[in-house]
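Next come two complexes, and both contain chain A; in the first it sits with chain B, in the second with chain C.
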Partner chain A sequence: MALVGAMGVFPRAVPRSPAQSAVPQTAAISVDRLPQLKGELTLYLGRGEGGLYENVLKAIQKRNPDFELHIRRGPTAALANSIVAETRAGLRRADLFWAVDSGAVGLVTGTGAAQTLPAELTQQLRPEFQFPDWVPISGRIRTLPYNTKRLTADQLPSSILALADSGLSIGWAPAYAAFQSFVTAMRLLEGDQVTIDWLRAVKRRAKNYAGELGVVMAVERGEVDVGLANHYYTLRLKSGKPEANVDLAFTRNDAGCLVNVSGILALRAGELPVNFIRYLLTREVQSYLATEAFEVPLVEGIPPPQGLPPLDTVSPPTLDLTRLADLRPTLDLMRKAGVL
Partner chain B sequence: MTRWPLTYFPTLAIALVAVLPVGVLLMLASDNPQGFDARNLAVLGNTLLLMVFTAVGATFVGVALALLTTYVQLPWRRVWLILLAAPLAMPSYIGAFTFYAAFGPGGEIDNLLGLPTPAVGGLAGATVVMTLYTYPFVLLTTRASLSSLDANLVHAARTLGMSLVASLWRVVLPRVANGIAAGALLAALYALSDFGTPAIMGLDTFTRVIYVEYNAFGLSQAAMLSLQLLVIVGLVLFLESRVRGSRERPGRHLFLWPGRWQTALLLVATSPVFLLSILLPLSVFSLWLWREGMGDFELAYAWNSTYASLLAALVAVLLALPVAHAAIRGKAGRVMERVTYLGFGVPGIVMGTALVYVGLQLPFLYQTLGLLVLGYVLRFLPLAVGSIRATSENLDASLVNAARALGASPREAFQRITLPLTLRGIVAGAALVFLEAMRELPATLLLGPTDFETLATYLWRVYEAGYFGQAAVPGLLLVLISGLGLVLMFSGERWTLSKAKAPNPVADA
Partner chain C sequence: MKHSINALVLNSFVGLIAFVLANTAVAGGEVGEHVNHLSDNLEKYTTEVNWLIDKVDGIVDRYEKEGVKAARADSVVDHWEAVDFHAAIETNYMPVYASIWQGLFGVKESINKQAPLAEVRGEQDKLEQALWQALGAVKLAAQYQDRGLLDKVQLRAGGPGTSKEALGEIKMRLDRVVAKYAEQLGDEAVAIVHDTYLNLFEGVEGELIAQDADLVEDLEKDFNVTLPKAIQDKSSVDKVREVVVAMQGKLDRARSLLEKAEQGKPDVF
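Here is the complex of A and B:
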């Protein structure tokens, strides 16, 4: 609520450390330089991270009194399915779709319903996150949260494939969408056979959890040595409990450190939807999502959330994120391995 | 060939509309034909166990409470009735979540009172939670049947030396088997299609497999699995249709006057149900409210919920009347009635998406309140049909024949005989649809007008975001408004009772 309450606009990006503030802010634009929004837009919002997306939307509306935003909220997959059905029926109701999962974005862009966006907008993002018809807003890295009482970082393998033979006990959440995206990435990068072997091998050492926050909590309590989870669960846990016995490790250049994103696409042509997206890429919004939601900013020059190394030092695999929508073979594979 | 009863025509139309979403499922599933997966067998076992245990549990609790609230003259009878029906107002996923949060080591009960409690989970936990949130189905349908029974038979049995309990068991219950079965059917279908409760309790059921597929953008697989689930639904519907109560004319109401200590004992025995299903979730929410503050709730959400649910209850009852009538008149009518039940057994989100496809064929209706109400009606029509049929079946056909013989037109016979005598079932049916629409979520999210925030969608939003404290006020309002609905409807009952006496002289004539 701080975002809305403080000034009805956006908080100043507060640099966390002198070293980080020295980073030149080249690409990130301030909201002050953006055009006023005028008119109406309908946004389909796939459930927002911790309600923080809602705060961003409220702040944008407050800043633009002549702009009216209609929001339809729902589970990401349900809204994506609705958009596909609307497109088939030739009845467009959504102007914008903000999804927490790039797979849902892929489902919609796959139908050709998404508008091509101007290059100068997409170029605000880091090169690996530039797509013609959608814009990633914030990132989450696959990580290995480990129990600091039982392990040190150098005892962890630097390859996700090696984790299977590490002899460590592992916590994972196979039914969780983020985990399934990670397995999809592994399947695309390493092939089906390697992936199914890995799933079977890890299964022998793994304990199941319903969600990845549960995985991180189990690691912290020492139920397992190491987990497989998105980075922010660990950071959120540590922000509430600084002495928590958990820290983050990263694999190198494989699916284990995949950077997945939430993203937005425009279904209506014209200036207004594009200008709306510009607001989400501003320094203020990107910093807010980094500091409050611990998400990885994807615009150049915004420091990462506290506790996370800069994105340049992580070595995520090269992969077109929209291909993560191809979940069907992944689920078949996971069923075959007996993990789902 | 005999002429079709008049009510068959609207019933046929309603059945066709009700089967539309199933048609959409067939269309979606045909994209990717995939037969039944043997790996789903274990999951199917869990699903069936949960369904059976829930139906048994709901019948046990629901029938006992129906006898209590119908026959026993307790102090503040109406208040008890409302409190005991109130679990229908609580979305079961909210109930399941608060159970999960309250019990077990490190749970809120442990934190606050230092009382160690066992964790609630698995099949047992899911059964308990599911029973607590479905028994009012049985309570309401059984009650509606009980009230139209003639107490003289019980008096006769007692005069002949049968004890009260034995006469209730051997004389009363067999005669309301229809009502009980109608309620148990609803509880079973609810258990089959609910996702939240088994997910939170960590039980692997069919709905979970469907949700994994759905969330993985496998809409066609989700549709295919839902169709397989519909096979089970069909089987349950068939079994329920075999249950036959007796048909007889209504008569004098049975009253039991307990002594003071008996009253106290009954209330003490009843209170755990209310404590667990309503007081526990609301207390947990209040605790969180106190810890976290209220958030940005607006009263308009409550109005939206109430308005849409009232409309749904009204339309559902109007449509349920011919369907229930047709079901009694003949085999074809019975089949058409069964068809309208199918939608109730499909998981909400799959049904919601199927209704999006239906709605898109009616562009002027898409994302309007009208479509939302239609969605509610398609999902919850069985609730109204079930309770209206249960009371209509006990209606003595000779009453109508007598009225007709005495010169009343079919319309007059309906207005003066059938309607007043089934009003109790109509009221109970409307109440069920109203309460169920109040707590419905997926169709509300997908079909309602954009920006149409209801209590249920707001609850979902703050729950998803992890702001549990903000769920307290809407949760409380949801229970309160549903309670008000129940007050109105139960107070209408008194009027019904006096009205219903009017045609009796005709019967005696």
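Here is the complex of A and C:
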């Protein structure tokens, strides 16, 4: 088994994904350099990080007394479907959509309803996260949380596919949206047959949990050796319980270390929605999301959350994140494999 | 007959209206427009409660005089589902709504198993108490509605904005779990538990785990094992309610922890 990498120990940086023809990013800017917001916007906000996104929104409103933000909250997928339906009906109720996962963004951009954003805005992001019609705000990495009393990082496979034959007991949460995005990525990268074989093989060694925090806690208790979960659950657990028996490992260049993102898009043309998005990319907001929500900042010069290695030392696969919207074949595959 | 409205009722009103908005279809069918005009309908609701009590009394009287078959105890549920008051309480105060269903089935089942008359009358008393308490709760809701509070809360449709609000909604949904279980809709009750976990608690526990990992672990187990198991094992309604009340206590503790943590958080800008 190859060394995968525990927190802070990563062998190499691998360029990846839609980095494509994107131009190099500019450094994060301070909120002090932004224009005042004036007017009204309606934001559809996908439910995600509890009150932390709300704190950001409140702070933006407080800083801009002549700006009024109307928020409609709901599950990200439901809001995306609403926008698609509204667009088809020729309506536009939302001016902005902040989704907790890029798949939902893809659902909306696929309709052509999202506005093209100025290049100087998208260039604030790392090159692999520059898109013409939406802006990733913060990232989360698929990880292998493992029990540190039972294993060391070098006992874990460096390939997600190899996990199935590792002999380790595994915790997973198949009903969980982040897990389904990960399976979608595997399906797109490896094909249906490889994915269904993997699901069936892991199922033999896996214990089901309702959510991924539950997975991480089960790993920490030693119910299972290793889990499949987004990175921040482990960091949060360790921030409240530093002695927790869990650490993070990462696979290499496959769906097992996918970097998924929350993202925002503008449905209304004009300066106001664009300037609102600028606030989310400021040094202050990016730092806040990294320190308080343990999310991965996507603009230059902002350190990652404590306990996570720099993003450029992880090697996620090359994949257009908006393709993660293609969930139905994933669910079909998971049902066929008997994991849903 | 008791008309008691405890402090719990008062404390629950702000949150319960959010439930009304998010859930317009209820067990007895669509919620009628009358629930948005409670004051105008209080007389009707009072008449319905008296009518129901008479109907149940008639069922128990027949049981006493003519036996189980003549009692037609199953009709107690039909009577309940026939009245508008059903929707008025279901959309306003779930804990008492659950008690009504518990009372209805208490009467029905005690008759069907041919229990002693004293036992049946005991169940009848419990049902009547629940109905009067429910009428009191609806009257209080009407006052809030008249003051415009319900409209104010309606603007917040779309779900809780903060973790603290989410915890409040979780507590209400847990009341609904008890109600659905009391209504003998166990599958629906379990579905609400799962949905509440995935769509609300999951969004809170990330913040909470940094404050108290053991508390999160406890609640994880409650959501995913203890409560669904109590329902699937066909425990008594009181037992399920006991699990829910314990969870609600933990959620109150979670709220205090998050409030405390919020004070120590840095400003965004």
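Quick note on the criterion: the second predicted complex is superposed on the first by the 313 of 340 C-alpha atoms of A that agree within 3 Å, B and C clash if a C-alpha of one lies under 4 Å from a C-alpha of the other, contacts with A are read in each partner's own complex, and residues count from 1 in each chain.
Basically, contacts are C-beta pairs under 8 Å (C-beta built on N, C-alpha and C of every residue); 3 or more make two chains touch, one makes a residue touch a chain.
This one's a predicted model, so the numbers in the text were calculated from it and none came from an experiment.
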Clash or fit, chain B versus chain C on superposed chain A: clash
Touched partner set for A:292, first chain B, second chain C, both or neither: second
Touched partner set for A:240, first chain B, second chain C, both or neither: second
Which superposed partner A:175 touches (first chain B, second chain C, both, neither): both
Touching partner for A:252 - first (chain B), second (chain C), both, neither: neither
Touched partner set for A:331, first chain B, second chain C, both or neither: first
Partner chain(s) touched by A:59 [first = chain B, second = chain C, both, neither]: second
First (chain B), second (chain C), both or neither touched by A:82: first
Which of chain B and chain C A:284 touches, first, second, both or neither: second
Which of chain B and chain C A:214 touches, first, second, both or neither: second
Clashing chain B stretch [against chain C; choices 7-15, 25-33, 61-69 or 223-231]: 61-69
Overlapping contact positions on chain A, where the chain C interface meets the chain B interface: 47-48, 50-51, 54, 71-75, 175, 210
Residues of chain A defined as touching chain C within the complex: 31, 47-52, 54-56, 59-60, 63, 71-75, 175-176, 209-211, 213-214, 217, 232-233, 236-237, 239-241, 244, 284-285, 288, 291-293
Sites on chain A touched by chain B in the complex: 42, 47-48, 50-51, 54, 70-78, 80-82, 85-86, 88-89, 91, 93, 103-104, 107, 175, 177, 180, 210, 325, 327-328, 330-331, 335, 340
Chain A contact footprint on chain C (complex, rising order): 158-164, 166, 194, 197-199, 202-207, 209-213, 216-217, 220, 223-224, 258, 262, 265-269
Complex contacts: residues of chain B adjacent to chain A: 37, 39, 199, 202, 208, 212-219, 221, 349, 352-353, 356-357, 360-361, 363, 366-367, 442, 445-446, 450-451, 457, 461-462, 464-467
